[in-house]
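A single structure is presented below for examination.
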Amino acid sequence: MNDSISPRTGRAPDALRPVTITRGYTVHAEGSVLIEFGQTKVLCTASVEERVPPHKRGTGEGWVTAEYGMLPRATHTRGDREAARGKQSGRTQEIQRLIGRSLRAVFDLRRLGERTIHLDCDVIQADGGTRTAAITGAFVAARDAVNWLLQRGAIAESPIVHPVAAISVGIVRGVPLLDLDYAEDSACDTDMNVVMTGAGHYVEVQGTAEGVAFSRAEMDQLLRLAEKGIAELIELQRNSLSK
Amino acid sequence: MNDSISPRTGRAPDALRPVTITRGYTVHAEGSVLIEFGQTKVLCTASVEERVPPHKRGTGEGWVTAEYGMLPRATHTRGDREAARGKQSGRTQEIQRLIGRSLRAVFDLRRLGERTIHLDCDVIQADGGTRTAAITGAFVAARDAVNWLLQRGAIAESPIVHPVAAISVGIVRGVPLLDLDYAEDSACDTDMNVVMTGAGHYVEVQGTAEGVAFSRAEMDQLLRLAEKGIAELIELQRNSLSK
Amino acid sequence: MNDSISPRTGRAPDALRPVTITRGYTVHAEGSVLIEFGQTKVLCTASVEERVPPHKRGTGEGWVTAEYGMLPRATHTRGDREAARGKQSGRTQEIQRLIGRSLRAVFDLRRLGERTIHLDCDVIQADGGTRTAAITGAFVAARDAVNWLLQRGAIAESPIVHPVAAISVGIVRGVPLLDLDYAEDSACDTDMNVVMTGAGHYVEVQGTAEGVAFSRAEMDQLLRLAEKGIAELIELQRNSLSK
Amino acid sequence: MNDSISPRTGRAPDALRPVTITRGYTVHAEGSVLIEFGQTKVLCTASVEERVPPHKRGTGEGWVTAEYGMLPRATHTRGDREAARGKQSGRTQEIQRLIGRSLRAVFDLRRLGERTIHLDCDVIQADGGTRTAAITGAFVAARDAVNWLLQRGAIAESPIVHPVAAISVGIVRGVPLLDLDYAEDSACDTDMNVVMTGAGHYVEVQGTAEGVAFSRAEMDQLLRLAEKGIAELIELQRNSLSK
Amino acid sequence: MNDSISPRTGRAPDALRPVTITRGYTVHAEGSVLIEFGQTKVLCTASVEERVPPHKRGTGEGWVTAEYGMLPRATHTRGDREAARGKQSGRTQEIQRLIGRSLRAVFDLRRLGERTIHLDCDVIQADGGTRTAAITGAFVAARDAVNWLLQRGAIAESPIVHPVAAISVGIVRGVPLLDLDYAEDSACDTDMNVVMTGAGHYVEVQGTAEGVAFSRAEMDQLLRLAEKGIAELIELQRNSLSK
Amino acid sequence: MNDSISPRTGRAPDALRPVTITRGYTVHAEGSVLIEFGQTKVLCTASVEERVPPHKRGTGEGWVTAEYGMLPRATHTRGDREAARGKQSGRTQEIQRLIGRSLRAVFDLRRLGERTIHLDCDVIQADGGTRTAAITGAFVAARDAVNWLLQRGAIAESPIVHPVAAISVGIVRGVPLLDLDYAEDSACDTDMNVVMTGAGHYVEVQGTAEGVAFSRAEMDQLLRLAEKGIAELIELQRNSLSK
């Protein structure tokens, strides 16, 4: 195989898929965003609850937490419904913990006051990158929920200190690629999810060798790609929120 | 209170809400339909599996089954995620059993062969009537899945013997109403869900007195309203499928 | 087969099976009734608890709720014990929700005060109609529990505003039948459970086409049969309670 | 307090409560026995299944197993329904394991062939001694199931090698008592359940100091009492089975 | 086989295996003991919690409770991890209830005050007798936790009124043996676990006929053996605690 | 604060804690290793099973999987026992998935044949770094299990293609530290777990900003520290295995 030929057609190795951010996608939630990374579609809602979990009671601080789910036929073959099976998979729990940590990293919980923002990220259609789309969309939904609190006078200043977004990068047949779709993700040797703030700092870096272990040089390439993609996503978030 | 004044504004007591049926809403499922009854939005997918549950193995017959779920913030206040809580509520199970029975009632399972059609009905946004929208949308998704099987030559003739649709009716402050939204449903004394075939026969009738018990005369009024609504829904299904 | 011949021998199509109501069947519960519809035997106990569930706390109103179970060998072949399997089936939940709603429909919960009546309906032996026997027997047990509260002066007037009873009806080989036993229930095309008050009004109507969908004329026949049966059951309840 | 005064009125310290054994209590099971030890009533059914659990498959041997349950209002105050709570308590599991071991101790599993006898012991009303009544009644139900197998020619000779029965004994205010009722059981310092065969040998001895530890002399007294009680129970089983 | 030859080599029928008690095995717990009965190794920790379960709140009394677990590969063949399977087996629950009762039998819960001592007994390596080693080791850990409370002045006098220890005895090929290892336990006809206080009184006696039922004479032999073993164990506990 | 003062006393910022690897810690498992990173002690066993999970059946390939647990009092304050609570936490699942992936990364599963190696990592005592100790110890246990298979002739050549080890690094008060203990881990701003092969390549990199997001320069510092620590761990594994 000729490694000089890109494994990706119609999109540059360092290009994001078309990204669409639709605010106000549903009517009840304080923030409701449909985010699309190509064929991947995730509905992210932000719900404000005037209570905090036990470990925050009486501290004057708020909490931000996330749950993640996938509709049974969001994928090529139907998966079990987790509610019917009676428990969430390890993968689901891992992803929802990641989303929660990523969003908390850009919140000043004292400014939020003793309330919780629940971020529900439900995958309507999956084609790779559902967790990174979820983090990127959840930030926009969280911003809308914060604006709702500000408009009602519930809080005096925004508890959000930075924007945050996430993207996947990976090496497929030797070529570092930005924003893997499902086919690329299945074929890649190394898969990395990167979460960064608008200030260009890292919140999470999760790199996994699916096949062969990766070198330091490869990691550096991947981190540069991710940095480029996240800067673009943060610009897209800003545009969407300015409407 | 003056009972002669309708409790509903901007819609006749015997009128459906605007109904929208969007086929091919997602790309992976053999049938994928977003159905909207006013503000209620349910995604219905039909997935074909080349296996049957144990009680059908070796019979030469197929199976049709349904699962129902609601995104946590589909409603005014956020509900628990059933997957996180570790079990489906009694209400969820009741609804998914109803959807399954309603669809099986119009299938000749022998013609389906030893395969299963899974109908997943997930409520994206709720404003009353989610179970009736789910049945009405699931029928369209099931039809698309059957067409997919026919086109591939997996079956020789359609196992669907009739169309099927469902609607809610109820009495609010003495006035019989068709297709209750959430506010009407919360206020009604009697609530009835009716499932009928395209031939005008009943598949399910579930009437419940929420407040005061209802008379035979009231039931007759409600059944007439339901019959009218279902005839209109079946016409809407037909139009959607003919595109 | 000759459809003009009734599918039932030794009992008229519009006749109930012999009904026996034994009050005080066990000693601990405030109400304890063994109800028999032919071979079907259900033990219904009413337990008074001086607490209400969270959604009723501080409202001054009480609550009435039901649970349903079946002993593993109540049926022809042994079924799984739900406690051992770790969850109640959808059918069990559906039935206990129906019993609860049916009884609440005849209670004025304000007169009950902030306490709960738990109705436990356990099937000792099953031969069709367990849910209708359960509702009919639970009413008698609830009445005994109310009398116990009245005698102790815990409440000043009865919160029960009507009697309530339930019966099944169905069409077997074209013949409408009252009070189906297991064999009839297995063979029927349409199965309907009807819950009515002593005032002749409907509390619940649940009709299901098991095989072919049913016409409006058939439903009317079934409702008439049910009305007759329920009037007889309410008379039997009254006789039992007057002893 | 005067220890020479028995803590029990109307029954000698070494007397059983009135014991009633009703065979054929329900119609579906191969063996169905209602056993009463005074106010304690347990329904014991024996169900034959033509399968064995995995660890017995292909061995030519059968299996005998037991499950135990208590109706929620069998007791003075209503207990949780284990099926609703989603798991069996440690106490329930301990008792059903005891019943299973006790019955297996008198079976020659090779003569049973590759089939299972399920013993379901459900407490209808509780007043102490439910596990000993369950073992004693389950033996009679098992015998009826074995007779059913013999009559159908499924087995050539009975796999039951001895009768088995069980009784509780305890020390209440210094007085050794046979067959404790609930009030005695709550007051006793030492509680012992003894399971013996018709040959006068021990199958299980489970003694527990509830309050003060017990001496060897006390244990000897209790074992003598138990031996007397079990001999009487085995005679009552024999009489019941000879009818 | 010649029954006059002992089935045990290298150890007298009435001899314990080498017993080792290591206090302070881990650093965090208020009491932490590794106990070894030959190849059986159980880590027993005692944790003090300044709360009691609901049934003890406001009584001024404390509580002592135990949990038991086995590492998946403590045994010859790997067993399921109970946390992964989602529930504790009946055997596990039976054992942890036994440990809890045995320890509570030697506590004066009023002197403990409203706090709980949790005893966690985790089997690192199993070779028979894990429950008796657990009880014997848990006593030492509990004593250390009590000493910790005394030294901090949290309690004025020790709530422990007696030492307690446990041992298994059994009959293997006609020979009564003390302290069965796994091979002996698998081969034995009768297996008895005995829990006694330092005063020579019984707390628990649990005898089970695995194969043939046992006679009164055999029970007497076994009880004498157990008494001898427990006296030795209590001496070993005392020596360990005096260091 | 003076950043030039190390937050760590008695250990250089780039020094591992004392590491001890004890092979053959328990007797039943094919590999059994107690690994200690300072006060952190994890028992890692490797169990060979002659079966593979469904997704590997018939492929000729084997499987390597891991489970992780923590004894309830391994930590400063007692945690819930996951088996008693009925489910594994998200953290537990995340860790055991990480261990499994890390070990599979250095296995050629075809050479293993259709068998499974189960790695059970149970934390006896926790003081930070339990997951990295688990990976490092599990490798040694896996190697012992592989040697056991080689010695029995079950496989012809070792399926292990590289050694693998893991270490944590973090930034505490501005100072990059290797191998964080619990106090350091609680105080750190950035925490990173790194898994590398003996060839110096990455298998997993998981960096999390606990407080403030971290810069690329900080990440580079941490990666260098980790590389140093892992090289030392792999040398320690080699020494241990050569004994």
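Letters A, B, C, D, E and F mark the chains in the order given here, with residues in each chain numbered from 1 onward.
In the analysis below, a residue touches a chain if its C-beta (ideal position, glycine included) is under 8 Å from a C-beta of that chain, and two chains touch if they have at least 3 such contacts.
Nothing here was measured: the structure is a model prediction, and the numbers come from that model.
**Student:** Taking each chain's centre as the mean of its C-alpha atoms, which one ends up farthest from the centre of chain F?
**Tutor:** The most remote chain is C.
**Student:** Determine, among D-E, B-C or A-B, the equivalent of interface E-F; equivalence here requires over half of the contact pairs to be the same by residue number.
**Tutor:** The chain pair with the recurring interface is A-B.
**Student:** Going by C-alpha centroids, which chain is farthest from chain B? Tell me that one.
**Tutor:** Most distant chain from chain B: E.
**Student:** Starting from the mean Cα coordinates of chain B and chain D, work out the distance between those two points in Å.
**Tutor:** Taking the average C-alpha coordinate of chain B and of chain D, the gap between them is 51 Å.
**Student:** State, to the nearest whole Å, the distance from the C-alpha centre of chain A to the C-alpha centre of chain D.
**Tutor:** 59
**Student:** Please output the residue numbers of chain D that touch at least 2 other chains, ranges allowed.
**Tutor:** 86-87 - these are the residues of chain D that touch more than one other chain.
**Student:** By the touch definition, the chains form a closed loop. What is the full order round it when you set off from chain D toward chain E?
**Tutor:** The ring, traversed starting at chain D in the chain E direction, is D, E, F, A, B, C.
**Student:** Would you pull the chain B residues touching chain C in the complex into a rising list?
**Tutor:** The contact residues of chain B facing chain C are 87, 90-91, 93-94, 96-97, 101, 105, 162, 192, 196-197, 199-209, 212-216, 219, 223.
**Student:** For the complex, which residues does chain B have touching chain A?
**Tutor:** Counting only chain B, the residues touching chain A are 26-29, 32, 39, 41, 43, 45, 47, 49, 67, 69, 71-76, 78, 81-84, 86-88, 92, 118, 120, 122, 124-125.
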